[in-house]
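So, here come the structures, one by one.
What follows is a pair of complexes built around subunit A, which joins subunit B in one and subunit C in the other.
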Partner chain A sequence: MIFTGMAVVLCLAILPLLIKNDFYLDGLILIFIWGAFAGSWNILAGYAGMVSLGHNAFFGIGAYTSTLLLLHFGLSPWIGMFVGGLLATCVGLILGLVCFRLRSHYFALATLAFGEVSYILAVSWRSLTGGSEGLALPIQPSLYLFSFSSKLPYVYIGLALFLIGIGISYAIENSRLGYYLKAFRENEDAARALGVRTGRVRLIAMALSSFLSAVIGTFYAQYIVFVDPTSVIRIQISVQVALFVIVGGIGTTLGPAIGAMIFIPITILLRAQMGTSLPGLHMIIYGIILVVVLLYIPQGIFVKLRERVPILKRI
Partner chain B sequence: MDLTFLLQLLISGILLGGIYALASIGLTLIFGVMKIVNFAHGEFLMIAMYISFWLFHYFQMDPYLSILVMAPLIFFVGIVTYYIFIKPTLESSVLSQIFITVGLSTIIQNAVLLFWSADFRSLSLSYATHSIILGPFPILSIGEVMVNPTRLIAFILAISLSIAFYLFLKFSYTGKIIRATSQDRSAALLMGINIDKVYKLAFAIGIVLVGLAGGLLMPIYTVHPFVGFDFVLIMFVVVVLGGMGSVVGAMISGFIIGIVEVFSSYWLGQESKQAIYFLVFIAVLVVRPSGFFGIKKEEELEHIETIE
Partner chain C sequence: MLEVHDVSKWFGGNAVLNHVGLAIEPGDVVGLIGPNGAGKTTLFNVITGFYRTQTGYIKFNQREITRLKPEEICSLGLCRTFQIAKPFGNIPVLKNVMIGALNREKSLKKAGKKAEEVLEWVGLLDKKDLLGKNLTIADRKRLEIARGLATSPSFFLLDEVMSGLNPIELQEMTGLIKDISNSRITLFIIEHIMAVMMRLSHRIIVLNYGEKIAEGEPSQIASDENVIKAYLGEEYLIAKN
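Then we have the complex of A and B:
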């Protein structure tokens, strides 16, 4: 188990060195970004069973916080990343406290409204966010500015985030917290009767999930060197991340990563083949895959894989 | 603020609210009967608007007349959607139920984008270009108030249709079995009601209602592939404020949201007006998730707890 894991990590670490093409490296970085983001959404939705449609807000808070701190105060995005994460955690905790009574559909609707408000705020608060025109980051390769001339450093930072995401999921899965969250998800009353402090446990999941989402938001902003409402805070980001997790396998350690590995290549191949001649085609395919998975393998692809492949059984 | 202007805003709000009410009744009906939130509800509104637009474009069919053609068409769409997407997930987890309609909405939006492009399309009616002027009423010190005829027609038809639907639900046999099913599913089943048939019917009727609202909106608004998303968010607000599953609640809160929207877009501008009703929405969910005009509490809400 540990050896297999190490072998996979080693392969992932060597892989970028073999790929010389920037186009494929870009794909790899996007897989890492979305895989990690999907993992952090999964902490809340998968383990705690709280389906959030407002994670675009946390992603956006991360992207905007580090960018604004850099542009106005010259603060390194490495620090901005954590400031953004902490800010998102505070917002997440407030949202969690405000919505403490809401379950299932109601929680999804409340977070959807929250995500939409954050988007409207980013568009209309022009003096801070630059509105729809967005903010450009300085392109000046330096470690302090979290900006590099080649794609390789981004690949490795992305890989690190990706592995940290999986590691946290793995830790949660096998810890007391994971069992508490699953107990809460499956039957709240029973969990409470057995002494699980469901309120606190749920807030911990919310805090972890929003912190990680914001950190990945910062990394995404640094990678695309541009921040605007459409690319970092629109509601479709939440839908997309949910879709990756559900198709990959919700509530599993590797499911979210597998979701990203399935969808990102599809998007990139379509973009390479069609360019912009067929707008919306990749989203149609996303939608169809989501519907088919929900109808025929609602546990997700990872669970099916685990049944077939013996090595995965122990994860 | 001038009294005339206040009245003008109020009338605009009420006219808008009538259409919101009609559009939201379908959503609340579907939730009440099947306990699912149809995230693709706005897309059916968008499809109806396109049907109305193309009928006008190719056959010069009056949009108010084309409603008669569109209603059976969209009823059929509702039935097909029920069989393919809704029925297989009725017994699934909440997550599946949410994302099956999210997936459907993604497919419809982008298919429309692919086939008909992102162009904004609108139609104008030759007989409805001039505003109707009411007043002045010197006794009340109110000046002239303008009413847009397409909005007035849409309002009158929307209200008539909503009331007709309410009467249907209240007095017809079909309406009674729909209500019985929404009140207690297993009891209805024991009384020999064919639940599957009721679900199918309720879903299709819900889609027809939002489709009718779409047809009435076409002469007022422009249609584009993502118009449904803007409207569905408003519908969620209306339905939650009125109490999920409550038809009368949706009608009342349709008016409230219409008025709130008009006033907040005057004071805050077109861009930020949405922020206001989403904040209202979150506040309602937090304070009273069962809505203000709603029926009995939802079972999900019985877990009231304190955080240590």
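Then we have the complex of A and C:
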């Protein structure tokens, strides 16, 4: 299995060198970003079963924190990335302490409200965030500024984040934390009766999930060199990431990545081909895919794949 | 070992437990019986921290556990099963039990080994790869016990692990419970099947309407007037005399 994994990673590493077209490289970067983000959302929603619709806030906190630190203090986004991550972790822990007493739908609704409020805050707090006009990042290729003239460095940083995301999921799945989160998801009382500190393990999941989401938010901001509420903190970001994970396979190691690999190409191809004649067509396709998957393979595509492909059984 | 002192629990104005006290020594096998709604499961919930008692205190190994959470109480070695089995449905049986074993074992490998030992003990090893939700009632009850045993308890509360079993399964379960008792785990058992209770328990406590109405050896309990009244009604006693 290790050998196969290495081979896949090697292929992914060589692939960008073969693609000469910036359009496809852009698609690849977006797959990596969304794959990694879906993976970090899955830590809380998949393993602990706590579906959050407020992860747009963490993504946005990452994007805004690094950008503001760079614009106001000249701090390198490489450091801003971790500051944003830590800030999102703090916010996530507070959100967890307040909302973890809620179950399933109620938790989702509370986080939805939190995500919406964070969006409104980003729009209204003009002195800090620049409101709807957004903030432009300096375009000055330099490693310190986390800004590059070619797409290749972004591809490789994205790939690294993508692989780290999968690695963390794999590590969680094969650790006490993963077992405990699943126990909580399946039955809270039974888990507690067996000595599982359900409050603590969920907070750990929340911390990991929000930290990673913010780190990816920073990377996204650096890549699109522009931060505004619509692109980094709108509520649809949370809905979209949930969609990717549910279709790909919620609560699995590779499901979130597979979700991104299915949806991102559809989106960018449709936008390129039909963007002018039928804008929004990709949303209709999203809906159709979701309905079909939920009807025929409700556990997600990865679970079906795992049944068919022996090598995936151990993941 | 376990000391329950003056414990009460009201739901609204309804006293489900009314100043109940009892003590259990290491190595005991104590049965808890009583008509439906007598407060047996509520007493278990209070002892294991799922409910909080409104009066009195509970001590385990001389340590007060009245205000501890269920997960903390389990880590002290006091474990329980649920009347309605609660398997982790979408997790294989082995992993179900490993979650219990992780209470003591820090590594997954050791927990896996321990889980297999326990599964072998309760006779579920051949089903270790099935998902929890695919087990029969009898096997769910075994899984409940296996998960609990995997936490290495010194005191084990069994809540109706025999209900819904056929005669053969019943016999196997009785043997298993005897086995558990022989491995120096103190047992406190809720059960409705009197024949089994009489054979298994050293001592029986009877609850009725949240109050302890009798306590003693099985033979004493069987002839206790209060107990007969609680189960069969006053008319029965009058008729008998």
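Please note the rule applied: the second predicted complex is superposed on the first by the 315 of 315 C-alpha atoms of A that agree within 3 Å, B and C clash if a C-alpha of one lies under 4 Å from a C-alpha of the other, contacts with A are read in each partner's own complex, and residues count from 1 in each chain.
Heads up, the rule we're going with is that a contact is a pair of C-beta atoms (placed from the backbone, for glycine too) under 8 Å apart; a residue touches a chain by one contact, two chains touch by 3 or more.
Computed from a prediction, not measured in an experiment: that's the story for all the values here.
Enquirer: Of subunit B and subunit C, which one touches more residues of subunit A?
Expert: B
Enquirer: Thinking of the overlay built on chain A, is A:A183 touched by subunit B (first), by subunit C (second), by both, or by neither?
Expert: In the superposition, A:A183 contacts subunit C only.
Enquirer: Per the contact definition in the header, classify A:R101: touching subunit B only (first), subunit C only (second), both, or neither.
Expert: first
Enquirer: Between subunit B (first) and subunit C (second), which, if any, makes contact with A:I288: first, second, both or neither?
Expert: Only subunit B; A:I288 stays clear of subunit C.
Enquirer: Quick one: is A:S175 in contact with subunit B, with subunit C, with both, or with neither? Answer first, second, both or neither.
Expert: After superposition on chain A, A:S175 lies in contact with subunit C alone.
Enquirer: Touching A:R192 in the superposition: subunit B (first), subunit C (second), both, neither?
Expert: It touches subunit B and subunit C both.
Enquirer: Just checking: does A:Y144 make contact with subunit B only, subunit C only, both, or neither of them? Give me first, second, both or neither.
Expert: It touches nothing on subunit B or subunit C.
Enquirer: Both subunit B and subunit C contact which residues of subunit A?
Expert: On subunit A, the residues that contact subunit B in one structure and subunit C in the other are 189, 192, 197-198.
Enquirer: Taking the complex as given, what residues does subunit A use to touch subunit C?
Expert: Where subunit A meets subunit C, its residues are 174-176, 179-180, 182-183, 186-187, 189-198.
Enquirer: In the complex of these two chains, what residues of subunit A are touching subunit B?
Expert: So the residues of subunit A touching subunit B come out as 45, 49, 51, 97-106, 108-110, 112-114, 116-117, 120-121, 123-124, 188-189, 192, 197-200, 203, 239, 242-243, 246, 250, 278-281, 283-284, 286-288, 290-291, 294-295, 298.
Enquirer: Touching subunit A in the complex: which residues of subunit B?
Expert: 31, 36-37, 85, 88-89, 92-96, 98-100, 102-107, 109-111, 113-114, 117-118, 225, 233, 236-237, 240, 244, 269, 271-272, 274-275, 278-279, 281-282, 285-286, 289, 298, 300-301, 303-308
Enquirer: How about subunit C: which of its residues touch subunit A in the complex?
Expert: Residue list for subunit C touching subunit A: 48, 50, 69-71, 74-75, 79-82, 86-91, 95, 98-100, 102-103, 106, 108, 132, 147-148, 150-151.
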